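So, here's a batch of structures to check.
Across the two complexes that follow, subunit A remains constant while its partner is subunit B and subsequently subunit C.
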Partner chain A sequence: MPSLKKPTLAVWKFASCDGCQLSLLDCEDELLAVADAVQIANFPEASRAVQKGPYDISLVEGSITTPHDAERIHKVRRSSRYLISIGSCSTAGGIQGLRNFANVKAFTNTVYAHPEYISTLKKSTPISDHVQVDYELRGCPVNKYQLLELLSALINNRKPVISAHSVCLECKMKGNPCIMVAHGTPCLGPVTHAGCDALCPSYNRGCFGCYGPKETAEPASLSRRMAEFHNVRKPELVHLYRSYNAVADEFKKESESHETD
Partner chain B sequence: MGTTNKALEKKINKKISKSVTSDFQIGDNFCIDIKELDSIFTALKEKSFDLIGPTVKEQTIAFDQIESVKDLPEGYTDEQSPGIYRVKKTDSKTLFNFTTGSNSLKKYLYPPHHTLWTASRNKGNFTVKENIPNLKPLAIIGLRACDLKAMFVQDRVLTQGEYKDSYYQLRRNSLFIVAVNCSRSVSTCFCTSMGSGPSVTNDFDLALTELITNTTHKFRLEVGSDKGLDVVKNLKFKAATNKELNDAKEVIKKTTNSITRQLDLHHLDVILKGSHDHKIWDEIGKECLNCGNCTMACPTCFCHTLEDTTDLTGSTAQRTRRWDSCFTIEFSYLHGGSVRTSSGARYRHWMTHKLATWIEQFDMSGCVGCGRCITWCPVGIDITEVAQTLRQTVLDEAHAVAWEEI
Partner chain C sequence: MKQTKTLKVDYLARVEGEGGMTVKMSGDKVTEVRLNIFEPPRFFEAFLKGRSYKEVPDITSRICGICPIAYQSSSIQAMEQILGIEVNEQVRTLRRLMYCGEWIESHALHMFMLHAPDFLGYQDAIELAKDHPDEVKLGLFLKKTGNDLVNLVGGREIHPINMRVGGFYKLPTKAELNSLLDNLKKARDGSIKAIEFLATLEMPSLERDYEFVALRHESEYPIDSGRIISNKGIDIDISQFESHFTESHVEHSTSLHSKVIERGNYHVGPLARFNLNFDRLPLSIQSLAKSVGLEPECKNPFKSILIRGIELLYSFEESIRIIEQYERPDEAYVVHEPKAGVGYGCTEAPRGICWHRYEITDDGSVATARIVPPTSQNQGTIEDDLRQFVSENINMPEDDLTWRCEQAIRNYDPCISCSCHYLKLKFEQV
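This part shows the complex of A and B:
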């Protein structure tokens, strides 16, 4: 951003848990540097002082689940130079995307005393379904180092060093033995977008797929293998792909292919 | 008088040690027990080597830092098949009764991440500082024949071409190798097809063969270099007897005979290069996850990418080299897009490079038959099976054409 003034930053919340915004606040050591490099103009989670737009960088957390939000996101787009969606909710619809497989009306009827006051959409959708998005940062929550890298790249006019390959590459570079091969633990690493530095496999837990499908993901082959060699049954396969990125295309298709009625 | 005596003593001692060393030479064989093996480790540590050896880690056997023979996987053995690896503890006292582990020497000679330089900007000045790694010499214990050959392949690629990797060379120069002849094979091994094992023949400093019976536990120790000689020359080891030498030969023979997996190399490079558009790649594309595990696990794969980053203020920048894989989209990204978009195309590229075009480039195969890509592929894709299927279909097709022409 070749401007003498510091670029302005706004952070917006849609349907989400706040975890991704907190990743930014979690940058303890680096937070001062961030505050030095950008002007935090609209970030209610961090400061009550709100400046008017337009903003140079807008970080958008959360998915679109209400008619009101479906309109609000257009306003955000109009007042932002770069709009960046951060986290699984905003890049893929999030865990609340599970509603897309069910009847939302039945939910509201069960949960609320007066469901008629609830105005909600049938589906939870990512930001990119509504407006043009300049960059999507994956993760549930996003990795603070990737968030810093993305901001550094934007501020310095360069390409962010963030890869779309598998979690396995991170896992191997870290020196972990593969837990699927060595322990028979089902793992979504081979179909999941990198970024977490293979957090779960490093603690002997199979990858949960927080970062959503990797580039050219091939979940069908992985599912066949897990079913044949690691005793994963069909309902478990459905659950494996139905979490934070349940409605991301490749995961959605894969979970649906194992549904038995 | 006292001083003269001391001087004389020194002289005599020197003579003795000289006469002992002069008895030792490259190619010598000794027979040592576990204690004596440990004394080699101690001697290496005294020469300020860090010891890297096979050790049990997360239910696998992997190279890691070790301190003494106590850290070696006593009684452990491994089973490997496509996509499956398991270790088993037995009551036996063996220290090397397993094969290749999840990682290889590559991690040490060619680390996954290496910051090449950092640059900083200060009041109109711009300075670049090369990052020369601060290295401790490493002694690698228990390196297998296939891995030794893999190192030889990386030597060729990284230090003998037009572009030399000085960081690799630096690490390589200070490496001490205690190799081990395999006393066991697993179903994924095919070193015999690739002419790389199971016995070590060159490029080692010391080599061991484990000799174990119900009542005895010994090692044949072979000296392979001046460096090796230097480490053992003051350790008073017994020369190996003919029987012990024969026993060691038997161990290797037994292992050789136990290897059943084969890779038929006859015209394989021609077949691969002529099969660019073969339907087999579409079939493999349905299986291959393009996860890249095979390339990470392979001890000869050397591809890397360069990553340039800055801090938030743009006042410092750095360039990092990190392992890359030909199974990623970015790897073949040229202006406008990726050249190899399908999984099948990426598998074809990898296999063709390993077994065909590598030979053109470096006068040797890119595969040493360690079997890691087979074991550590999460879906168990087997390069030897793919090669055999390809050979068979190409032959069948050729026959069909020939019949038609008759």
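This part shows the complex of A and C:
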């Protein structure tokens, strides 16, 4: 990125809980330094002042769930040099992606108090289904230090150092005893993307996949192990894979393979 | 012909989520006020159906990245009611400690980063920091102290993972909690400085005869439990909420509007809590509040920034008290079996009461869920405030008046993301 002028930063919100963009404001120790390194040009949650695009870096939070947003994301793409999806909603459709599995047979009629006031799509989809995305930062929510690392890499024109291994490996590196082997607690650690520093296993609970599938995940063999050794039943397996990254390919296929009807 | 004017903000800044504002005037009369909420709805109640009661706190926390603990706490309260679980006092206060952390990070974020710039005429906190570096740095320090608390007890700041139905997954040690004390004490003193600073801000004038609604506990300032009361006669168990409050769907909002049945709009949040529970604050905080001109009934919504300061100080003092008396219990959670039933939860999110109702089947699956977040309850009141404020200031230059209206909306620290988790759905089984 040219070093003469500060790169401009824009932050965009689609369907989401706001938590991932909040991660930026949660960088209390670094926030003023970030504001020094980039020109915050369009970040409505933080500022009334909005500069016109184009922008060097756009951070996009949230998934596409309305016809209006499906158009708006193209405008964001056109006005952005780098477009970065942050968080599970934007990288994998988020928790609202659960609507994609709604059994239409079970609900013959879904009626709002005033359905005519509402315009919504049947499916919640990640940003990459609509436009080209330059980088995806995983997590529900994202790890704020990874977000800083990513911004720093973009500003300095280098590759971000963000590991792509599994939560399982993070756990080993921390020296945690395996909660699945030692306590029989179902855990998605072996198939989940790193980034949380094995948070849940460190708190005596199984990983529930906030960061979505890691590259080359093998959920089928993990499911087999959980079913055989730990008596995890099919409906539970479906729910295990079907949460905050339910629409991510590997998790979607795996949850569908355990559906009983 | 009368001159017509429209004040319009397409995309509100410094609020959480997506909303706008339209105020129409004809001559010296306000003819229309709308807080437009266009945040896409996310249908939480629909997809909670069929999920295990154990998953509910994690799922509902995703309604809001700013106040996930409120959603976790209200849903856990409801589930524990259904299952007949009574957690021990240490576990309860540990939950309250984590909730204090959420109040701190949320209030400090709002006061310094989102609201204070309005009072001093800055576009944002970064601009504010150029002229008032010490105050912004103080705000960031206070916020960080709250986040550190949530981080330690909850595992992470946003969507914490440690609280569960029955207790916690893992209890912190006394030494771990003690490690926070130095900063908490510094932050407590810092919050007094913050109040002194906020007290110098010029408050726009507006007084309204609100119906304030908040929780009321027999001895504590309300955070994690209590009855629902109002200054106009409501005094009910949380299970009676639906007999006294109703929600309706209006065209310009994807968030439902709540009303007190037969009376209308009401006000939840710091101003309501303060007015209804002033006597539950420690005497030292009561006198500090009086020294900066705050006493019930405070009816100026712009003063909410100052009341958040008072609640910030309270949260620091309460956190210190809880940590100092903490003794790690033997069991992190109560072992239990699922059973069918209906349960209610209501806690004080930073922005006001967050009410939940769940029906659970024998195997622990959710049959129905209903969630009423604070911001949807305040929508009607925000519009009423705008109507009166604009009527009283109709000759103010348009740009200034628009900005003041934005500031008036931000009095409520609206969390639009959470308010639109939901729309009324009717399911008809085949």
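Basically, the second predicted complex is superposed on the first by the 252 of 261 C-alpha atoms of A that agree within 3 Å, B and C clash if a C-alpha of one lies under 4 Å from a C-alpha of the other, contacts with A are read in each partner's own complex, and residues count from 1 in each chain.
Operating definition for what follows: a contact is a pair of C-beta atoms (placed from the backbone, for glycine too) under 8 Å apart; a residue touches a chain by one contact, two chains touch by 3 or more.
Note that the coordinates shown come from a computational prediction; the quantities given were computed from them, not determined experimentally.
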First (subunit B), second (subunit C), both or neither touched by A:L151: first
Touching partner for A:D18 - first (subunit B), second (subunit C), both, neither: second
Subunit B versus subunit C as contact partner of A:I95, first or second or both or neither: second
Which of subunit B and subunit C A:N204 touches, first, second, both or neither: both
Subunit A residues touched - subunit C or subunit B, whichever exceeds: C
Which of subunit B and subunit C A:G189 touches, first, second, both or neither: first
Footprint overlap on subunit A, where subunit B in one structure and subunit C in the other make contact: 204
Contact set on subunit A toward subunit C in their complex: 13-20, 22-23, 25-26, 28-29, 31-32, 35, 40, 44-50, 65-66, 69, 94-96, 98-99, 102, 105-114, 117-118, 120, 140-141, 196, 199-200, 202-205, 208, 210, 236, 239, 243-244
Footprint of subunit A on subunit B - complex, ascending: 57-60, 62, 83-86, 101-103, 107, 112-113, 286-293, 296-297, 307-314, 322-323, 325, 327-330, 341-343, 375-380
Parts of subunit A lying in touch with subunit B, wherever the complex brings them together: 30, 33-34, 36-37, 148-149, 151-153, 155-156, 158, 161, 163-166, 168-169, 172-184, 187, 189-191, 204, 215-218, 220-222, 224-225, 229
Complex contacts: residues of subunit C adjacent to subunit A: 11-18, 39-44, 46-47, 51-52, 55, 58-59, 62-66, 68, 105, 109, 113, 117, 123-127, 129, 136-137, 140-141, 143-144, 147, 155-159, 161-162, 164, 169-170, 248-251, 254, 256, 332, 403, 406, 415, 417-418, 423-430
